[in-house]
Amino acid sequence: MLAAQIIINALVLGCLYACIAIGFSLVWGVLNVINLIHGSIIVLGAYLAWGAYQSMAISPWYVLPVAVPVFFVFGYLLQRLLLNRVLHAPVLVTLTLTFGLDLILNNAMIYFFKADYRKLTLKPPMGSVSLFHVVVPVDRLIATVLALALTGLLYLLLRHSRVGRAIVAVRLDRDAAILMGVDVRSIYAIAFGIGAALAGSAGVLMALIFPISALTSSSYLDKAFVVCVLGGLGSVSGALAGGLLLALVEGIGSAAIGPAYATTLSFALLIVFLLFRPQGLLGRKGFE
Amino acid sequence: MKRANLALLIVLACLAALPLVGGAYALRLGTMACMYAILALSWNVVGGLAGYPSFATAAFFGFGAYATGVLLNAGLPLTMSILAALLGSFVLAGLLGSVLLRLRGHYFAIASLSLVGVLRELVNNATDLTGGGMGLNIPLVSGSSILADATFFFYAMWGLLLATALMVIAISASKLGFGLVCIRQNETAANMIGLNATLYKSIAFGLSACFVAAAGGLYAAWVHYIDPSDVFDILYSVKPIVMTLMGGLGSPLGAVCGAFLYLVLEEVVWRNYIQIHSGVLGVLIVALLLLLPHGLISLRFRKLWRKAKHV
Amino acid sequence: MSEILRLDRVSRRFSGLQALREVTLGINKGEVLGLIGPNGAGKTTLVNTVCGVTPANSGTITFDNQDITRIKTFQAARLGLSRTFQIVQPFAEFTALDNVAAAALFSRPGESLKSAREEARAHLAFVGLEAQASQSAATLTLAMRKRLELAKALAMKPKLLFLDEVNAGLNSAEVERATKLIHQLAADGITIVMIEHLMKVVLNVCTRIVVLHNGQMIADGEPRDVIKNPAVVDAYLGQQYAQRNAANG
């Protein structure tokens, strides 16, 4: 059934989108920083997975537990050493700064890895499962499950750990958090580190599904933007809602008016939401 | 007239003498310098004066490039095509502005950024009109030699820069400029004293777009071939911001100096480190923002302040 | 006396909270109306609704025989409605002079920056800030900023002036000074509505008091009568005040 296939594809893609966006959403929601390096970090994670498979035949699922701490440290240091300095600067400065950092990272990747598109194909290929005429490739399915697991882990972290509660506190009311004894600078660095870890891990998973090249970093970033605006900032449920909505709109739109207009459609949706509901489906008003 | 604005006009007057001392290469650089200065000065109106961090510059640059390209292909003379692009973009930006400028801070920045993507996709898809992804060929406007061609476009871009500078100077002395500065400081209070903030912001957005579009149009005529990812490039939105930050936010003289300085740096890096030139740009941006958040103008003030203290 | 502002069953709600409930109020030209009530009663919301900041959900508002229910903030300012803010909102980078000049410049057509600046000096002198004219607004003390706010409101040549807790945060000498200014304004014929918690000032200056509680008007009349009203005592003034007042006669 075509409709069912479209829906299932959208659900799978939606979870992947949510995984791409959740790190970005966390950083934006907690630090009020639009992290333009996000897309490049995802690509870096993808290269990591590809490199591991090419040179050591290690499958991406085994790269994942390594990627998380590595990228966390990367993000933590980036925040602590550089971004902390412009934390209270206007949005102009932080956007331009992260743009500059993205130029550096992106250029470095093109320099070392060249811009050619790589593909990570598992040998032997994992095939696909079929249920009631709906087909889903197995590797994409596993990636989706892992993506959901990651977002679930983040949710548990934010809900049940001290660090997580502190992050939420800072997001809700920074000044009150300071009064409660939260070391905000440290929380900022941790949140950014988590954001980077999620981005890198998302990249590892994306390596299986999408072609890998530094040139794709802006399309990941665009997706993350749209998901955040649609779903709302700083929350796991927001990222999931936004991801699913975007994937559904794209899927149904593609089927109805053709794939060429799918990107235009997502941009248009972005602008509509910005104008009429900037806090997104599940967000709270006032996060400028 | 303020001293800084007078200095700006003097700088521009000196620049006009470039064809007397330089050959085709210098003229090419000079034309780019003028173009960058137009972008930076224009951005300063909405970003520096009004305080709205717009990332839409590339959207209007591309709009102007394509509007002019299409009109030139239809047989219209260059001046008319550029003028049409200028007026069309002013109206378009004014309309879009009245809607987008309701957003503040981050949301406005992102909305303006998405404008670039939306226009790029629209142009990409309108293949019959614009050639889509295959690009648009633009008829040559000046026949003769390379040098004559280079001189023509240099003076054309210089003239546009002069017009932009005069516009900006006029604004800074006018009620509009005063109102924009009020809006930047406290938009609620501005509304409370009877200032129609939406109108003022829309006009500012329109003015920040129209000369950018004209510059885009000249660029298209100059290079004879454009494609969507070339002119709707986010860098055309970010570079003017970096230039203005380099020179000092809010100051027209600073914006122009920042633009010239940036061009020199860009050319030096391109000639010597082409493979890593965007990385070097990134390093420049990071260094600038972390070390000199108030631009080069702040250096001058600090020196003067130290002198004054010793008196 | 002619009526200058009329609210007719005006309501305003914010998500779960009904801030104004069918408020009906007529204000006469030249009155000095005290608007009192506990925190959260809807006093500032009333001002915001009249001035177009938070438009009314239902009801009508008429100013000078014009329907201003759906008006935009800047239009209200140009019609002659002026207000001060509880938390002062100056243009921080501007000098005191330019702050006031801005108000004169944009609230009326046909002004130039030059003439606005000349006018501004007079308004600054009226509130006693002529010495601070070239100082940046950010460097002024709170009391000075409140007076600057007043000068700005006056530069708009208002027909009706809303004063929102002008005395909050001021010491008694500053309060006395502010009260004198308000007396002067009333004498000049400007209709004034003051939101105020200091009963001493209210009784001193106001010709009429309106009491708001939970978005509703619970009393309206002469100051001496209103403060004796049991509903008002219950909701706001408290028994101690009532007893003290009765003792003083």
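Letters A, B and C name the chains as they come in the text, with residue numbers starting at 1 for each one.
As a convention for this text, contacts are C-beta pairs under 8 Å (C-beta built on N, C-alpha and C of every residue); 3 or more make two chains touch, one makes a residue touch a chain.
The structure presented is a predicted model; accordingly, all values stated were derived computationally and were not measured.
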item	value
Shared chain contacts [chain B and chain C, defined touch]	none
Chain occupying the middle, per Cα centroid	B
Approximate Å spacing (C-alpha centroids) for the pair chain B, chain C	44
Computed distance of Cα centres, chain B from chain A, in Å	32
Between chain A and chain C, centroid-to-centroid distance (C-alpha), Å	50
Residues of chain C that touch chain B when the two form their complex	51, 72-74, 77-78, 83, 85, 89-94, 102-103, 105-108, 112-113, 152, 156
Contact footprint of chain B on chain A as seen in their complex	28, 32, 34, 82, 85-86, 89-93, 95-97, 99-108, 111, 218, 222, 225, 229, 260-261, 263-264, 267-268, 270-271, 274-275, 278, 288
Contacting residues of chain B [partner chain A, same complex]	47, 53, 55, 99-100, 102-107, 109-111, 114-115, 117-118, 121-122, 125, 234, 238, 241-242, 245, 275-279, 281-286, 289-290, 293
Residues of chain B defined as touching chain C within the complex	175, 178-179, 181-182, 185-186, 188-197
